[in-house]
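Structures given as structure tokens follow.
Presented sequentially are two complexes of subunit A, the first with subunit B as partner and the second with subunit C.
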Partner chain A sequence: MTSAWLAWRTMRRYRARTALATIGVAIIGALLFDMLLLSRGLVTSFADLLNHSGYDVRVLNSQGFSLARATIPRASEVDAAIARLPEVASVARIRLEPATAMHHGADINVALISSTHSGTQVAWTLISGADLPADGASADRCPVLVASNLAARLELQPGAPLSLRAGVSGERSVLPAVACRVVGIGASPFSAGDEYQVLTTLSGMRAVRGGADDDTADVVLVASRPESGPAAAVHAIAARHPDLHVYSNEDVVEQFNQNGFAYFRQISVVLSSITIVFTVLLVATILTVSTNQRLGEIAALRALGIGRRRIATMLLWESVLIVGVGGLLALPLGGLVAVGLDGILKQMPGIPEALHFFVFEGRAVALHALLLSTTALVAALYPMWLTARLPIASTLRREVVG
Partner chain B sequence: MLLSRQLAARAHINVGDEVRLATDSAGTTGRLFRVVGIYEPTPDPMRFTALRLETRLHLADLANLAETPGDVAGADTADAINVRLVTPADARPFADDVRARMPGLDVRPTSRPPEGDPFVVLDRFHLAISLVTVAGSTAFLLALMIIRAEERRETVGAMRLLGISRRSLLVEVAIEGLLIAAAGALFGALLAFAAESLVNRIFQSRYDTTLVFLRVTRSIALRSFALAVPLGVAAGIAASWTLLRRDILSLVGR
Partner chain C sequence: MTPRAIVEARSVGRVFPMPAGPVTALRDVSLRIDAADYVAITGPSGCGKSTLLHLVGCVDAPTSGSIVFEDRDVQSLGETARSRIRLTRIGFVFQRFFLLPMLTAGENIELPQAEAGVPAAARRARTAELLEYVGLANRADHLPSQLSGGEMQRTAIARALANRPALLVADEPTGELDEETGEHVAALFDRVHADGTAILMVTHNAALAARATRRYAMKNGMLAS
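Moving on, here comes the complex of A and B:
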């Protein structure tokens, strides 16, 4: 009879405690798995989101992504100069303004975004209607692509009129509402659940702002040529515009990793560590108490000629079976818990719908398996040591005869 | 001007030193200021990862420094105006009133509504993690209690033979569970209390801030007790009931 078979027989004999210990490992293991998913989830998801936009370089007029708004002056000149660089494939200018959408008596605050490019070229997904025309390619004074949540709230269809009034921060005057036309309904990956976005052309933005055009942009998006790569494009743009701040997607993700994501990375490290220590302690306690209860039985097996090593291996197998089965159950359970926790964290204001805190990665599964394997081994060490030094005769006398 | 502690340390500036401040990196438009004090920035949980390299000037000094020739209105601008109300509870109607009088201004109370507060969301997240941990711990606790109950099978059998009723034994188990759970919860609260200072020191040093990251309050300790004690008692009773419902002869192995 092998050690593994002995362990299996023992666990079948003590079904209730084995099942409960396995359930305990499964639940705590699910939490560990979730913390491993959280440790890189937001950064991975954020990187996916940035890469999905089709642009790999961002040009700003402020260091990092500060809360204070600093627009790029003479943006059309900057745009043209960057577009002429041999490392650059295409350039899109983006400008944002707060605005109010008015439709059938309802007033809703929206984020009005203007782009030199069509909606699909700046990562919007068209749901119905037509795409936003590129700036200057349409006779329409104010064509707009509205986000699906706004379209649902105002019951907008492609072709419907939509009045927009700019809410220019810091100015007391109220600009008149401008009649725009909904050309299509779409979805932006950068849109937060609690935010209504409207995409228009630069001409549309100018119209909404009462004809004012200060030729500024909040960000200039740049797609590098594949043969050059983003690093070369960043270098070339920074050399051409030393007064601006140029970041590749990798730089943005790294900055996000260092600042915005630090809290979740650390809570993930802290909770993973606590979870592992907790699991080791509990599995070790259960195995030790269980071994103490079976000392007479183990001494009898030793007296029958079963060696120390085989008994110790049996205890290791018990630990492996409890932690292994619990660890396997932890994966689907962790997936379910991650969906719930992700839903809670996404209630934070300003989090884009497409951003996730928990992202499944093969690396997390491998790390989860490694950590739990170590847990099984460490948890079995003390009971293995207990049985290895067990005196057969005195134990039998005490446990069986006594 | 005043300098934040972090900026003073990084730039090796002391009180009484003169510093040139400019709005351009070349420093051509700069003016000399004398450092009259060094301050600790108010901890801000929304910006705890940011390096607080800050200065404080009188508004008029900053306006003069940032003034653009020919921009008369620019000198009389402000990014924000903070208002302290006589009656703080009137913040929301006051904000509505100012917004109605000056359309275009963004006026809001400093207290966040729960639906827009990221810390309320974090609180929910931590609560959810706690519930998962409690569920896992309960399973482990139940497994341990079952092992303990099995250990005492013969003792329980002997006590039943002596005439002690199931009810008395259950009460004994419940009291024992209560004492163990209370001791465990107390130990947990003391451990958390001891870890509080260590955790805060590590994070405060990591982010160079005075922000308090972890605080074991009385309400948190009481909540832990309120959860741990009934669970401990219930686990003890549930584990013992599997033993007590058996007949006496099977308990003593006959």
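Moving on, here comes the complex of A and C:
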């Protein structure tokens, strides 16, 4: 006849009260769980996204990731110099250019990306057709790998022609469209749902730009050697090119964590705190009302010599059981809500398909359990204090008179 | 040889502080209960009967005088020690039974034994014995809501006897029962007394009080034979 057993029997006896309290905790707990997933979800997802690319160092010509474009000049020299470093395993040069895709009378703005490497080497997933060949390894003047959303929109199949016109400014803005050939259809983890991406080779980019080659790159992606690690590679590249800005994936994630994602963390902290307060109030109110309804019983138990500790512990167990069961139910419920909210948030423009706002982590479950355990304890404190301080004689008298 | 006193109230007084001014519930009351006693206290409502019972039952403290339970001054004891006395030496029977509604009759009787640290097997045996004693052997697994008033009070008496107390204190034990059921409960008290447990009972019921070996009337917080 432990206190936990007594608490369990009490909860079974008052089923409706227990069910309402548990459902209440489950709903509030689900929101708490979602906030915990949100607090780190974007950062975790972003880190996964970067690491998925297979490159762990990024070289830029601007500090941070500002919107103002600053390309790396003499990119081929930079590429070659970095590739010669002993800490570096491979290097890919990436160039971005706005362009217009034309097919059967439809004009669509696309992001034209050129890479020195094949599509799968820069994290694209091939859906159909062939991979983009490495630069110079194809007889095609302008082979392209198109994102699946663009392929669906223009009804493109591998082997289909696709006209691309560069969206360059100035005198070259009158450049004619270039006939490219779709070698395959793929998906990039960095592609947003509302964005159409086309990947091509450096030669393909040069052709679309009317033969102009300014030998620049927007970013140089570097894969460090496993035995060196990204930190050593960053150090070596920065020493070799002090004019450029070099970041490991960790640096990038940390920078975003400090700036772009801080809002989500703050929102999460505020909403988590509110949900915890609501949980405490809900459980404390239910336990207090329940205790007040049972004052006669409790005074009688005390008169019979049942210790204050056992009665207080019984109340604590009631709180733990309500919050525990509610907290467990909150996990699948919160998971479902997170999937729905993630879908809504990902409809924001510019959000890559593979990026998620809510990411399931064991750490979030552990924190959820810790916060709810503390909540159960805090919620039980007042009813426990009430029973411990209960004047036995006057309560019995009042109960009989009442 | 003088029998050993179980509990002794020595010139006890009890004053309750109230917003409108202090109310004196007991004035200089002395009462001794020995092992073979069956004491009944009668009197009108508000005369201080229950207050005296609470003092003797160690659930309240006098504002003057002292309560000595088995040679120990109760006021000098902490709450844990007083609780231990109530658990092992005193059995309480209440007007409204106060059985735990989520426990069966048997479990209600087991609870004080569990608190006293009695092993499970011994608890079950004692519970079966007590249910048999109060005539509820076939009601062990029934919840209080499935029992009649008389059955609930008999369960409460069995619960009060669970740890073999020296003293049974009963506050209006037939107050919620009809006459016939009250008679059965009164007969059970007679049996408990005959089996060696001292009883202190406060009641309005003159017939019940008449069964006691010593009777007192209480008026305005004072006791008279």
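What we mean here is this: the second predicted complex is superposed on the first by the 397 of 402 C-alpha atoms of A that agree within 3 Å, B and C clash if a C-alpha of one lies under 4 Å from a C-alpha of the other, contacts with A are read in each partner's own complex, and residues count from 1 in each chain.
By our rule, a contact is a pair of C-beta atoms (placed from the backbone, for glycine too) under 8 Å apart; a residue touches a chain by one contact, two chains touch by 3 or more.
Everything quoted here is computed from the prediction, not taken from an experiment.
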Is this a clash or a fit when subunit B and subunit C both end up on subunit A?
fit
Does subunit B (first) or subunit C (second) touch A:Ala111, or do both, or does neither?
neither
Name the contact category of A:Arg308: first (subunit B only), second (subunit C only), both, or neither.
second
Once the two structures are overlaid on A, work out the angle subunit B-subunit A-subunit C from the Cα centres, in steps of 10 degrees.
80
Is A:Met348 contacted by the first partner subunit B, the second partner subunit C, both or neither?
first
Which of the two partners, first being subunit B and second being subunit C, lies in contact with A:Gln258: first, second, both, or neither?
first
Using the touch definition from the top, say if A:Gly296 reaches subunit B (first), subunit C (second), both or neither.
second
Who touches more of subunit A, subunit B or subunit C?
B
Does subunit B (first) or subunit C (second) touch A:Arg17, or do both, or does neither?
first
Overlay on A puts the nearest Cα atoms of subunit B and subunit C apart, in Å, by 12
Residues of subunit A that sit at the subunit B interface in one complex and at the subunit C interface in the other, please.
none
How about subunit C: which of its residues touch subunit A in the complex?
50-51, 54, 57, 59-60, 79-80, 83-88, 90-92, 94-96, 98, 100-103, 107, 110-112, 114-116, 159-160, 163, 171-172
Residue set of subunit B touching subunit A in the complex reads 48-50, 77, 79, 102-106, 116, 118, 121, 124-125, 128-129, 132-133, 135-137, 139-140, 142-144, 146-148, 150-151, 203, 242
In their shared complex, at which residues does subunit A touch subunit C?
1, 6, 9-10, 12-14, 296-297, 299-308, 310, 392-394, 396-397, 399-400
Subunit B-touching residues of subunit A, taken from the complex the two chains share:
16-17, 20-21, 23-28, 30-31, 68, 167-174, 194, 258-260, 262-263, 266, 271, 278, 282, 285-286, 289-290, 293, 337, 340-341, 344-345, 347-349
